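Look at the two complexes coming up: chain A is in both, with chain B in one and chain C in the other.
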Partner chain A sequence: MTMKTRKSIFIASCLLPGLFLFLLFKVYPTLQIFQKSLYLWTGLSDKPKFIGLQNYTDMFHDDTFLLSLKNTGLLMLVVPIVTLLIALVNASILTKSKLKERNIYRTVFFFPSILSFVVIAILWSFIYHPTMGFLNSGLEAVGLDKWALPWLGDQRVVLWALAVTLIWQAAGYYMVIYMAGIDGISPELYEAAELDGATRIKQFIHITIPMLWEIIRVTIIFSINGVLSISFVIVSVMTAGGPDHHSEVVMTYLYSQAFTNSNFGYAMAIGVFIFVISMILALLSNKLTERGTD
Partner chain B sequence: MSKKKWITLAMAAVFLTLPLAGCGSNNTSNNAAPSATAAAEASAEGSASASPGAAAETFGNPELNIAVFQGGYGRDYWDSVAAEFMKEYPGTKINITASPKIAELVRPKIVAGNPPDFMYISGSDNTPILDGLVKDKALLDLTDVFDSNTEAGTPLKLQILPGVLTSSSIAPYGDGKIYLAPYNFGVMGLWYNKNLFDSKGIATPKTWDELFADNAVAKENDRALFTYQGLYPGYLEEMIVPAIASAGGQEALDQFFNYDPEFWKSETYTKVWGLLEKIATEDNALMKGTVALNHTQSQTSFLQGKSMFIPNGTWFEDEMKDAPREDGFQFGFLGVPSLGADGKVMALTQVEQMVIPAKAKNPELAKAFLKYLYSEKSIKLNAEKAKGVMAVNGAPDLVKEYISETTYNIYKAVDSGMVAVSGSFKPVAKGSKFNASDEVYKPISSIMSKQLTLDEYSAKLYKVYTQIQKELQEQGQQ
Partner chain C sequence: MAAESTLNRPEKRAGSMIGKTLLRLLLIVQTAAVVYPLLWNVLASFKTNAEIMENPWKLPKGIEWINYAHAFTSARIGDYMLNSVLVVILSMAILLVAAVPSAYVLGRMRFRGRSFFTNFYMAGLFVGGVYVIVPLFILMNSLHMLDNRFWLSAVYATGSLPFSIFLLTSFMKSIPHDYEEAAMIDGCGYFSTMFRIIVPMARPGIITLIVFSFFDFWNEYVMAMTFISSDAKKTIPVGLSNLMQIQQYATDWGSLFAGLVIVLAPTILVYVLLQKKLTEGMMLGGVKG
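After this line comes the complex of A and B, so read on.
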């Protein structure tokens, strides 16, 4: 046996178990989702009925689904943009200024990322508590009684209230990623810019952002996908989709169709739809941000 | 790699696998069959003491797998009733799986075509699985169990509370056949602070007019008139359903539960939802911030004296036993006031359900076990271990010594005088996107925050009911 074949056998034997597990636990279930989305199935019986693409056409006549899609879309648009902006600005301030407390801030801002999502949701439902909550008590204390709304019970503001929670949860995490990135930028660039008389803001725009661009591109995709999955926990705990579905997101709707309405096939169709949408979004954001690297 | 690193890695691996190990262990416990000699002894004793019919019966397959919800009632009852059953039917063996998330545990078994022989499913996380089984027609017809005679020589069905066996939560297909067996029953309605009413000499309201008149009293006592479990408007069913019965009788209830769209144009609708609008608009009627509170938060506010009334069920006292409350607070159950002048107070009753899947491996033994649950011994055991009251005649008195006074009084009130109302939505067509209870109750949040008018609401529900009806007809034709 040559050295080469022995080497490839070794590599194959290292890869095969992992590949097998990957196929079994990732690829097979995913294919199942595609297949089951074509059936009328309660998720319990062993006799699903084939109905072709009807689950998909039904989706667009389902007002609640469309509302939840709109809500998710809004969150996916607002939350990543605001989160990443805040993270970027904070990271830049903390690395470039000579703050003595920068390590404390770094820890404090990162804190939400190590808390469980459920804990965060409970914490924020008490912050938004209509009578004894931190937010409304604060507003009343400074004489802004009129602004004190029942945040999670008012269909006009509930989504924004949830968006704030999502941003608070994620901003620290991306900040730490950006800080690591900024630390990797050569200090000479900043020194040169400073000698040329560039202000801090100009340095931020012309050095920090372009040098971090590749990292930013990745975090945009992370953040969009994060909104999809984290919104499920936050909404389930904080509002249960209420009032009247105005904070329903596609993931909570998928769950309720699958497990409370016993519409597994339909829920799978929603799942496939979300899968396609997030793929498109990821590709789109990748394409749109590509110019920056040239 | 240094030695230290290896140790760290090994430790990390151990910690990572720990939670996995936790997932693996389940709640199954084997109540091992009595050993051969013990069984022989038991049968010898059995022929002397146990009922003659029971001892003579033998089962081809002596093993029974049951899955039960482990919630507020615990699992002690199931452990002890299974032990009693095994004593009376020697040679049988019952395996119990109990969990608060029982639906998650049994779902894969059902999908694999290997369901437990008997299931008690309860709790809002779990009951949807029953709806699924009903839609799939995957439950065993239990009518013969309730037609068969008890030891007293009368059919078992006469022992069950009147009206229960004909409701759609028990006989879901409207053909009178029983597919879900009733277990504990609960009573729901409005609650108040008994101490406040007694010490201030306030009379409990018998009609809705009297209740709204109490708003002035509420204001004097520095509280709102009403609150409810804001984020979960489904709790309002506990006053809406009795109010529908009060305004339009059984006919209106049938319209409401069986999806007659005309209900949303009827006078009953105007009257009942008028109450909600009044609560939403009248000054001091709805506690501030109610729409944004979850069930624990709103119930705590009620206990702390922020509101005079709140809807809830018999489990209220137990559920909130650790919550802070105002001085001298005492639970008082009002029921639901009448809409007419007759002052007939009503209450909503609901039964928990037990089922035998159609694909159960051992339906004969499961049926025998089910029947055994309605024996006097079991009813008492249920009260002692689970503090539950089964939906059988005279149960409250049978179990008086085991339940709290408040609870006993509620059951007694329903037994004598208070009008018990029950009902549940007919199952919607298989594959329907609608969940009737969500469609009806969820928009009430928006009515309460004055962002949805009653006309818009009824127009929407008229459409929803028409659609559900259409889907049911299409299904019927197939």
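After this line comes the complex of A and C, so read on.
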């Protein structure tokens, strides 16, 4: 009996610190956003008033929210596809071609993914800067003056400019994941394909991609979620949602509703909405990329 | 090896030479795209303001160390850095205290509720980030935890907890059970078995965790910006983004670039030292996660 109580005490004291933090800072706030999204709550001193689903219906009449949703959707579509494609191609080049300096490339390409998002955002604000940035003056130097744009100030291109920054940040990270995966593929498969006269490109399509498919599925979900959270930092530092909300993403909109307008209930409803959407997207991409067994 | 035999044919070899050159070109262009912005930043940090406003492709005429001095004096980069170091150490300590014993128990002991707790933490992998920042802010406000570096660290540690437990549990599981039995026979208690025998054996997993969390904690921006209000307690990312907003009016660009370099330098150093560890860790955690 004493042995058993000693064991129970040990288990409990091991689990307690973690559970305390987890319940307080993770579980409770998560439950709160679902509950308080049903309230009108404007300001910390204000008493929340129950309004049912009003916050949710308001969302769909809120033009800025809809624009931010569209922008986020575009980024979540374009950025993962391009990022993962670049990562896959680079990973397979670096593992399959016997270039002597491939470790240098790997080290360099991975580097942006450990940089602070803020540092990246500041750096790219200057790259895109109309007068100080090297992008525009570089374009002018090679005679492409017409292409020199105020990248972050132009409604039409601002989102694409941000997408490039997001891709620059993440491609190396996924490349390293894929390289680990490719190392795990049996070299005999490639040797056999080589004997059959399959080109490198054919090997890439018929061996590398199918063998990595499970990893690719996971990285798609990682990458979609990554865009959601990283776009917040990139947008708030680089453009603050401008010009005229054309680079607003849902996270920056949620944040400004909460901390600029003190519209807590509404902000939490947006939070729930994004949470549900990202869950659905994860399930959907999981379903779509499932390899049929039939 | 099959490749070698085909390489003997001359036209194949020429083709592969061209192919290789093209591949190299592709990789070199990408390398430039990664390295040049960083290099440009370093060069700009040595320029005077007038030079920065001029042609961005020009090299600096002299080295303006004064930019670095300004970064420390007027921009307070040193203070922000100290805050970041403090927050990283605190977060790491809290994370290890919470995650290591939990992972030990969940990975190596049999008891009722074990799978419940494991799944509970697993679910935590899917929630978090910016969604919960509003209720978290309100909670911390009512518990008087705002503008406090310890509680910021506690929130950071909690954010990393689900993944850390997930990673460490699988590590703990891979250690054979004989060690505990032997320790028990030698009269070792539960606590000393855990700390003296199993934890040292799980060190590779713990180190991986520390390396990954280091970058997460060091770079975190959104929560630091929201939960810390006094300038004296701000961490590097928040300090830098403030600095950028200020410099748009003060136009002391040189010291902003110097500030960026000061922040980049330790990251590069840690990266060079731990590069292998990091990419190994990706294989442990990233792929299976």
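Heads up, the rule we're going with is that the second predicted complex is superposed on the first by the 265 of 294 C-alpha atoms of A that agree within 3 Å, B and C clash if a C-alpha of one lies under 4 Å from a C-alpha of the other, contacts with A are read in each partner's own complex, and residues count from 1 in each chain.
Everything below uses one rule, namely that a contact is a pair of C-beta atoms (placed from the backbone, for glycine too) under 8 Å apart; a residue touches a chain by one contact, two chains touch by 3 or more.
Treat the numbers as computed from the prediction; the structure is a model and nothing was measured.
Asker: Using the superposition on chain A, tell me whether chain B and chain C clash or fit.
Answerer: Aligned on chain A, chain C clashes with chain B.
Asker: I'd like to know which partner A:128 touches here: chain B for first, chain C for second, both or neither.
Answerer: first
Asker: Regarding the shared-chain residue A:154, is it in contact with chain B (first), chain C (second), both, or neither?
Answerer: Touch status of A:154: first partner only.
Asker: Between chain B (first) and chain C (second), which does A:30 come into contact with in this model arrangement: first, second, both, or neither?
Answerer: Only chain C; A:30 stays clear of chain B.
Asker: Look at the residues of chain A and decide whether chain B or chain C touches more of them.
Answerer: Partner touching more chain A residues in the overlay: C.
Asker: So in the superposed three-chain picture, is A:114 touching just chain B, just chain C, both, or none of them (first/second/both/neither)?
Answerer: In the superposition, A:114 contacts chain C only.
Asker: Between chain B and chain C, whom does A:259 touch in the aligned arrangement: first, second, both, or neither?
Answerer: both
Asker: Touching A:44, do we find chain B (first), chain C (second), both, or neither?
Answerer: A:44 contacts both chain B and chain C.
Asker: I'd like to know which partner A:145 touches here: chain B for first, chain C for second, both or neither.
Answerer: Once the two structures are laid over each other on A, A:145 reaches no partner at all.
Asker: With the two structures laid over each other on chain A, which partner does A:64 touch: chain B (first), chain C (second), both, or neither?
Answerer: In the superposition, A:64 contacts chain B only.
Asker: For chain C, which of the listed stretches 20-28, 146-154 or 272-280 runs into chain B?
Answerer: It is 146-154.
Asker: Would you tell me the residues on chain A in contact with chain B in one complex that are also in contact with chain C in the other?
Answerer: 44, 125, 131, 259
Asker: Residue numbers of chain C touching chain A in their complex, please.
Answerer: 1-3, 6, 19-20, 23-24, 26-27, 30-31, 33-38, 40-41, 44, 52-53, 55-57, 94, 97-99, 101-102, 104-105, 109, 111, 117, 120-121, 124, 126-139, 141, 154-155, 157-159, 161-162, 165, 189-191, 194, 215, 218-219, 221-222, 226, 236-238, 240-241, 244, 253, 256, 260, 263-264, 267-268, 271, 275, 278-279, 282-283, 286-287, 289
Asker: Looking at the complex, which residues from chain A come into contact with chain B?
Answerer: Residues of chain A touching chain B: 40, 42-46, 51, 58, 62, 64-65, 125, 128-131, 136, 150-156, 239-246, 256-257, 259-263, 265-266.
Asker: Touching residues of chain B toward chain A in the complex: what are they?
Answerer: 103, 107, 110-113, 128-129, 131-133, 135-136, 138, 230-233, 288-294, 297, 301, 306, 430-435, 438, 442-446, 449, 451-452
Asker: Given the complex with chain C, which residues does chain A contribute to the contact?
Answerer: Residues 6-8, 10-11, 13-15, 17-19, 21-22, 24-30, 32-33, 36, 44, 90, 93-94, 97, 99, 104-112, 114-119, 121-127, 131-134, 137-138, 141, 168, 172-173, 176-177, 180-181, 191, 194-195, 200, 215, 218, 225, 228-229, 232-233, 237, 251, 254-255, 258-259, 264, 267-268, 271-272, 274-275, 279 of chain A touch chain C in their complex.
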